[in-house]
Amino acid sequence: MKTARLAAGLTALALVVTGCGGGDESEGDGDATVKLTLSQDVDTLLPMDSNVSDNISVLDVVYDGLVRYDPKTTKPYNYVAEDISSSDNTVWTIKIKDGLTFQNDEPVDAEAFARAWNYAAYGPNAMGNNYFFERVAGYDEMQGEYEEDDEGNVTVTTEPTAKELSGVKVVDPQTLEVTLNGPFAGFATMLGYTGFFPIAQECLDDIEACSTQPIGNGPFEIEEWDQGQSLTANKWDDYSLEETPDFSRIEWTEYSGDSDWADFEAGDIDASFPPPAEWQAAVSDPDLSSRMVEGPGAALSYVGFPMYLGKPFDDVEFRKAISMAIDRDTIIEKVVPGRFVAADSWVVPDGVPGGVAGTCEFCTFDPDAAKAALAKAGGWPKDKKLIIHLGEDPESEAIFKAVGDSIQLNLGIPYELDPTPDYFDRRSARDFTGIMRANWFPDYPLNENYLAPVYASGDPKEGNTNFGYYNADFEALIQEGDAAPDLETAVTKYQEAEKVLASDMASAPVAFSKNVMFYSDRLDNVVLDPFSGEVKLRLLQVN
Amino acid sequence: MSDPSVSALIAEETQSGVPSRSLWSEAFRTLRRRPDVILATIVAVFFLLVALFPFLFTSKDPQRCDIAESRLPPQWFGGEHPFGTNAYGCDVLAQLVHGTRPSLLLAFIVVGVSVLIGVTLGTVSGYYLGIVDAVVSRIVEVFLVIPLLLAALLLLSLFRNIDLGDGPVSTIAQPAIVLTMFAWMGYTRYVRASVLETKNLDYVTAARVLGASDLRIMVRHVLPNAIGTVTALVPTAIAAVIGTEAVLAFLGIGVRPPAVSWGIMIEEGSQWFTGGSEYLLLFPLGCLMATVLAFVVIGDNLRDALDPKLK
Amino acid sequence: MGRYITRRVLQGFLTLFLVMFLLHLLTTLAIQLNGNPAQAFFGDRTPSPSQLAAVETRYGLDDPCYDQLGNPCIGPFVERLGDYAQGDFGESLRGRPVTDIVSTAAPNTLRLFVVVTITWLAIGMTLGGIAARRRGKASDHGIRGLSILIDALPIFVLLLVYKYIFSVPLSRWAKDTFGSDSLPALLFKPSFSPQHAWATLIVPGILLGLAGSAAFIRLVRAAQLETYNADHVRTARSKGLSERHVSRHHVVRNSAIPVVTAVGIVFTEALAGAVITEGMMNIYGMGGVLWKAVQDSDVSVVIGVVTLLAAVTVVVMLVVDVVYAALDPRIRYE
């Protein structure tokens, strides 16, 4: 099989005629076009810089990664990689399949990965996926140091001393050796993420052109990107690996945030989901609801507490009171039906390894217990408003207005929403005076990713930047997990760390996203990516 | 939504007569006899009352929302929620009543202040001409060129982190400032033209010869001529600001929740419009349209009554 | 006349310069008050100082004056003027040239404005004319009532009702009856399509035009009323010319003057409607671009786009003034 495909790769014409999936039927289907939507916010198609679900889902068919994830279990399996192994979880050896090429005929080899990773890790390039490489040895030397004086002037004190990751070594064209700063059992799990895709030398030579017209190694080639309006991709005839769909063309129309539901109903696009007002009508329509897929999402919306402010936020009883005062199920049903499920854990249950439901004991609505807990915490100062800080996003504003109403109704605490466009800035500067709406979208499917990046800091005095949280047991368990000999042991350690969060009530989980998609009758085998919530294009079939 | 500058322009085209005292009283006599004016006045006065004394019309707290009672349909009078509840379970009638004040207050402040600015600048630049006029004309043009919405967004995002407290005036302070900044140009242009016309009339010249000060001439002799049609513009301009507030709310700038205004209610209602809860949009939209209509009718008739050329 | 035009052109340049400077001051103040827009580049992540510095340098935000509240940042402003003079309009925060953004967005907005203007003129001239001719009669009252009603109905309600209630069944029906790429199917498409820019813009344009037409109806009515009473029209009438002749040759022509004037002013106002229409009908246009740029504090785009819009507006106003002067013999250009 492998040699046959290699031969086919060399003779492009032969592949078109015989086809990878074979048979005349796929020939007929091969002309089909899928019409999808894309957010207008998408600004780049450079893998190193792509970190929102829209460009990730586009690049998923344009590029192939070392590993890919099973759409059901999210477990990684080797794809471009022949083999990934490590004896100590620190030094990893990656073998790459032979004979693969980019769409411009450059080879997909160890060098192609190394150049992409070096570019991403180099601080001054300011790539969106830069931070993924912080575990790789030599990352710090590529960031440089800057100083900021009282007036905010930034002066360079140290330029980055290295332009390449010392931990990434090209052993031979098909072998890559990666040395990490310390052991990390989940490293292989990360490698399927967009930020780890290879890039061609031609792409690196003209990054600007490449960010709108990528040179991929996947089954589809970008034809044209009319930024702000539409994006089109055609099947790449020379594709030599097995995961490629039958349709020949994808057309994305860009939307500026307003719902595309009307266009879906008019039959102009193939997949969409309804706005809250239309939800009831859509699910009760027998025809429409027969063309609906749903699956668990991965994003967690939660209430963060500014524990650095002291009373009452640093009191665990106060945090329990807030959490138990929120009527999660009703809020979701009334305000954002179908798009979320109430959360009672910090890691998405069944979505990633180690995620189980019910770890949060105080995430059930119980107004009486909430009042009791508030009394235990010493109550809330009379006439003072509880500020809820959040970003400027209509959906979360809607949810958190209802959360505020719940708190006001059940605890008698008046509230005020503070939607701010500088949310992240202000949060990291600890410029908040009340609780905050926070959201965590995992980068790779492992329970560790819901825990360590959000709550660990290694700073017993100040706690973590965003909330001021610190617990030595939590930090220790995360470190034990990182150093575990295999992934399973690691996952168990991380689960124990989640239990520490639960007893501290470090934050109040509110809702996990739920992926929902309605699709047109032209489509078949619609599977949603548990992470991005987008349609898995490689599995899709068009009638 | 017509903006005040356009209305001013319309007036500029139509007006050129000089209203006198007798014209004023005659105008009111004409207006008193028109049924549409009487109806419009009743509507306007009703909403003014609602804005002034909200507690006469509802006993509910518009901020008390129970999500379990989300989107109850109107139960009409006698029910717990006569106009139903919105998506968050807040009482629609209470919101409607308490939302009247911000909407009307905003309109009155914006129009009042911009008339004041317009009349002052227009008089000064028309009376002195020369360098003063050149500067004022340039400023007017700059403000005419910058689109209102862009400026609104820019300025409102500029001051977004500044907390003004939650009094009735401070919640609308920001949109009020921004809208005023872009509402005065029409009055300036109009008053300037009117001043140009009157300042060389015999009685003004006579006053000058008699040694009256500039200020006295402006206030006593030149201004009264301009005031008539400016007054006629005011109701229409109030209507326009009420409408603009809804647009700002729809775009997510302007009066911010949890403060309630008609604009915010319309924006929220429009999201649920198709889901079988049309009343969430229709109630606030109805109030807004009734008020706007009332003010426009008053304004139109006032203008006709004050304009001798259209007689 | 020549001197008048020269003077207006110079004034136009001055206005343009003032607009640019004012915007520069405002955006600078926004950055100084609210912190660095380069931060927005990183979203959820806290960037390392080196990354932040790199982004600042890339977009010309590294001048220390942006960190000092109250500093007018004259340096970067002069630099920008110089760049503009050389035809370099800079890049957005996302690295896309402003000229590129404008060349994609401007044609769509322009098309929209063409449809809007035609709608205005058609509705305004017709209804306003009828109302003026039948002054005081039922049709006059009806038209005036209608214009007030239009004025009171927010544009977004109009679009909302159209998009969610009318467009879906209409477009399905048109597709079934005439085929999916037929003109009727495109006309009723719920959203704009760049492949069929004109066809999919007609209905949104008409709706936006309808919403703004109230002022026009009243304007035309008032202007025509005034000319009906003017001396030369009376003279024409007394000469025994037919009412039709009078209304076509004297009244309509003379009342065109205020209409021309109003087009100039309404131009900026229409942009507000354009933001909403573009947003709801998914049109990639100037309104939407500007909207997003202001929200992101994207200085280059805001100043670049507004300068362009202001330039167009200034030119329109200038042309209007000149036409006005040419049309109306009463105006002396000293």
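A, B and C label the chains in the order they appear, each numbered from 1.
Throughout what follows, a residue touches a chain if its C-beta (ideal position, glycine included) is under 8 Å from a C-beta of that chain, and two chains touch if they have at least 3 such contacts.
Composition by chain, UniProt nomenclature: A = ABC transporter substrate-binding protein; B, C = ABC transporter permease.
Remember, predicted model here, so these are calculated numbers, not experimental data.
In terms of C-beta pairs in contact, A-C outnumbers the other of A-B and A-C. Compare each chain's C-alpha centroid with the centroid of every protein C-alpha atom shown, and the nearest one belongs to C. Compared with chain B, the chain whose C-alpha mean position is the greatest distance off is A.
Chain B and chain C have Cα centroids separated by 22 Å.
Averaging C-alpha coordinates per chain places the centre of chain A 48 Å away from that of chain B.
Inter-chain spacing, taken between the CA centroids of chain A and chain C, is 39 Å.
Residue numbers of chain C whose C-beta contacts span two or more other chains: 34, 164, 295.
Multi-chain contact residues of chain B (touching two or more other chains) are listed as 157, 160-161, 273-274. In chain A, the positions touching at least two other chains are 392, 421-422.
Those residues of chain B whose C-beta lies close enough to touch chain C in the complex are 1-3, 5-7, 9-10, 13-14, 138, 141-142, 144-150, 153-155, 157-161, 239-240, 243, 246-247, 250-251, 266, 270, 273-274, 281, 285, 288-289, 292-293, 296-297, 300, 309-310.
The residues of chain C lying in touch with chain A in their complex are 34-35, 39-56, 58, 62, 64, 67-68, 94-96, 100-101, 104-105, 163-164, 167-168, 171-172, 175, 180, 189-191, 193-194, 278-280, 282, 284, 288-289, 292, 295.
By the touch criterion given at the top, residues 40, 43-44, 51, 123-126, 128, 130-131, 143-148, 151-154, 156, 160, 208, 211, 226-230, 253-258, 260, 262-263, 265-268, 392, 421-422, 424-425, 428, 441, 465 of chain A touch chain C in their complex.
Those residues of chain B lying in contact with chain A across their complex are 63-68, 70-71, 87-90, 157, 160-161, 166, 252, 257-258, 271-277.
Remark: chain A residues 275-281, 327, 330-331, 334-335, 392, 394, 398, 401-402, 405-406, 408-409, 414-417, 420-422 touch chain B in the complex.
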